[in-house]
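Each of the next two complexes has subunit A plus one more chain, namely subunit B in the first and subunit C in the second.
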Partner chain A sequence: MDRSEERFVDPENAAAAAVVADVRQRQRWLGAFARCPEERLEPLLTQMGRDNRYTVLRAPEAGLMMVRARAGGSGQRFNAGEMTVTRCSIRLEDGTVGHGYVAGRDKARAETIARLDALMQGVASAQAEPIVAALETEIEALAEARQSKSAPTKVEFLTMVRGENA
Partner chain B sequence: MYVAAKGGEKAIAGAHRLLAEERRGDPAVSEIGTDQISEQLGRAVDRVMTEGALFDRKLAALAIKQAAGDLIEAIFLIRAYRTTLPRFGYSEPLKVSDMRARRRISATFKDVPGGQVLGPTFDYTHRLLDFALEAEGGARDHSVELHSAATGDALHDDPGPMDPMPRVLDQLASEGMIEDSEAPAGDVVSPVGDITREPTEFPADRDVRLQTLARGDEGFLLAMGYSTQRGYGRTHPFAGEIRMGEVTVEFMPEELGFPIEIGEITITECEMVNQFKGTATEKPKFTRGYGLGFGHVERKAISMALVDRSLRCRDLGEEAGAPAQDEEFVLSHSDNVQATGFVEHLKLPHYVDFQSELELVRRMRAEFDAAQEAKEEIAKPEAAE
Partner chain C sequence: MSANTLHAGFVDPVSASQAGFRAVLDAMAHPGRVYPLKGPAEVPSGLGRVTAGVLLTLADYSTPLWIDPAIAGQEGIQTYLRFHTGAPMVDVPKYSEFALIGKGEAPLNGDRFSIGTPDYPDRATTLILQVDGFERGDAVVLTGPGIETPHRFAPAPLPAGFWDVVRNNAALFPLGLDIILCGPDSVAALPRSTRIGG
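Here is the complex of A and B:
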């Protein structure tokens, strides 16, 4: 939300907006942990508090998720096929519960994400923000780099006009 | 009828040992790694993921190795493996408009916003064997050539981000020249058919048809699509847009109550533009066929889009009569795991079954002979007369 807008909301709505903002930030870090290069997670865990003790609520398990798509991209929904997903849930000693979901079958990663999810909930959103933003920037840069490899294959089809060379 | 046979355990174990040896091949040649399959036989991996209906590159590569490159066997292995995993749920519908497309072409419009991007394609190659690939490490480094040839001075320039690529068919839709592709009313709550949970009933809705086609055998769908082009239920198709690239997958875990991104998958999409005559009440306009598969599976996506459109004949009030318009025929025979199961079971022991057939044929022959003799007996006195 834009800062200038924030000043005009009443306190009750402001509280609701704060909850929404927190949820949005949590959504973002869970997405970033699932999509960032694997080697980013361990240093982050050290930074956030690797020594925090935790109980495993749901041991890492691999399962299936049915991928939904839409006919023509925007029409009727259909089930396109499944993908593997691994999930894990943990609880810190202070009672904070963390969840980890990641595509594929990497159990260690799902557990690390669950731990990070719980630890991130314990810090102020201003403190969490640069961590999330840095990961997002890197994910975006990697995706862009991969896509831009196709840039030299962009074609300009020319319509040949008869007698053009005459 | 198939009656189970017992015995042969030793021979079966021996056969499997021999299979493992054959799969490994000459031990003097280094063993292929699943990472090599995943990286260097990518199109095989994509096909196994698509028809195995499970996106997981590592599993598909393993299945290909185990199946010694027999892709239908690999698809079978993937289908069998998936039954051992719990289902966590359904993803949010893919936002394909946000795809990071690495290939995007349109055969209907020359100038499309975002441009025509060939990406990694076999198109426009000369289909000449490249013997440089035969020699280990002998493959030419095309990456340098590509940059210098295609962009000239831009060799060392960062090509920068690609322009946004709005969907090509949206242009036609904005003019009302093509049927809408809007989500039906109440779409979010209406159930979506799932052939992994419920057996298919006919007539089938488009959701069930698309799911079946998405995992259908590439060769079967290719032949079916081809038949429509050759005149068996012609649909006048144009490839409006073909895209390949990465999309982010979102999932809403119950315990969170909000959707989160869990990763990204590579998909290929084909949007076909087809002709439609119109009716007494409707102006003529173009219609759509859709194809989607995991990985880079262009032939499959195009074929699927052709067949999807053909199977919509009933919805569009078209006269149906061609094989590709026969929904029960197409959907019942497109799955190569089902098909191979039934076709290949013929090689399993049918001894008891065949014994009874043998006896039956022997009895019929004896009856035939007896009847012939009887005829001859009757004919004899006539001949004597």
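Here is the complex of A and C:
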């Protein structure tokens, strides 16, 4: 979560807090859809009440996005490099707009995510929560599995203490 | 659909904006000649299809846009153009790269826009006007670069003071305002080099 955003939220202002909560939840599910295994998306679309009568506002397009970072998470901001991102926007019959962003150049996936995003906005957050949580658990498990596979291959480079003071 | 519904852009952005660019390029090269241009299928109310096509083709994050407050459906148009082009919206006409002018009664005041600087004459505002056609207005005879034989040009409706802005370009050259006129299905242009009268 972007910390700059947190500074602007007035805890006294309930309306603003609700908007921020909505935005955060949407960010969470968009993140989960973008990172989860491909095969999870199609069944989700069915579960969410697949609506095929949608209009493509922005056809799927691949482009480059600058990834910015801070050294150690708190240093000076710098451009870490560009990554390929595919995006798509659609509109449902009732006017709800959905956006899909995914790393890489998978156009079909960007469109599926945009449709899911639009459908998710139509359900209560209590219903959306378990769906997102299940995906997040799976993504975490996959990341952990990958890390535990690569961790044993880590090589430690030791430097002997040298010099007059040794 | 509500007024704030987002409308779709080009279905095939690459070939549509290439075709749009060609039409505007031809129109600029041959002032007063009318070139067909296909816009996107859906547009917010107040914005013509051809106008939308021209803006989707030309505008991007580096071209500040000013929209005449007289244009109805201002908010929908802004949302649409911001979403599809990423162009920043400005309130001050002088700072704009493109200015979308309404059909309203308010006279056109050329001084409000940027005519460029001697070092950077390209930093002038390009005016985009929506007209109903190129035949029914008061005819003028255009001359200048790109016009082999002077010909009649009669766009309508135009805001009061429009032809003064075009005439004034003669005094300003090489600075001045370029103008793109968008009809119901075609586009014409009056670059700053064009003169009125034989």
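The criterion applied here is as follows: the second predicted complex is superposed on the first by the 127 of 166 C-alpha atoms of A that agree within 3 Å, B and C clash if a C-alpha of one lies under 4 Å from a C-alpha of the other, contacts with A are read in each partner's own complex, and residues count from 1 in each chain.
In the analysis below, contacts are C-beta pairs under 8 Å (C-beta built on N, C-alpha and C of every residue); 3 or more make two chains touch, one makes a residue touch a chain.
Since we're looking at a predicted model, the values are computed, not measured.
A.B. asks: Looking only at subunit A, is it subunit B or subunit C that touches more of its residues?
C.D. replies: Comparing subunit B with subunit C, the partner touching more subunit A residues is B.
A.B. asks: Looking at the overlay, what does A:V155 touch: subunit B (first), subunit C (second), both, or neither?
C.D. replies: After superposing on A, A:V155 lies in contact with subunit B but is clear of subunit C.
A.B. asks: Classify the contacts of A:P130 with the two partner chains as first (subunit B alone), second (subunit C alone), both, or neither.
C.D. replies: A:P130: touches no partner chain.
A.B. asks: With the two structures laid over each other on chain A, which partner does A:E61 touch: subunit B (first), subunit C (second), both, or neither?
C.D. replies: Touch status of A:E61: both partners.
A.B. asks: Touch test for A:A80: subunit B only (first), subunit C only (second), both, or neither?
C.D. replies: first
A.B. asks: Is A:R91 touching the first partner subunit B, the second partner subunit C, both, or neither of them?
C.D. replies: So A:R91 only meets subunit C here.
A.B. asks: Across the two complexes, what residues of subunit A are contacted by subunit B and by subunit C?
C.D. replies: Shared contact residues on subunit A: 61, 89.
A.B. asks: In the complex formed with subunit A, which residues of subunit B make contact?
C.D. replies: So the residues of subunit B touching subunit A come out as 49-50, 53-56, 58-59, 82, 85-94, 96-97, 100-103, 110, 115-121, 146-147, 150-151, 154, 158-162, 167, 169, 180-184, 187, 192-196, 206-208, 210-211, 214-215, 245-246, 248-249, 251, 253, 255-256, 258-265, 267, 269, 271, 288, 290, 292, 294, 308.
A.B. asks: If we count contacts the way the header does, which residues on subunit A are in touch with subunit C in the complex?
C.D. replies: Subunit A residues touching subunit C: 55-59, 61, 89, 91, 95, 97.
A.B. asks: Name, in rising order, each residue of subunit C that touches subunit A in their complex.
C.D. replies: Contact set of subunit C toward subunit A: 1-2, 5-13, 42, 83-84.
A.B. asks: Under the stated contact criterion, what part of subunit A meets subunit B in this complex?
C.D. replies: Of all residues in subunit A, those touching subunit B are 23, 26-27, 30-31, 34-35, 61-85, 87, 89, 99, 101-105, 143-144, 146-157, 159.
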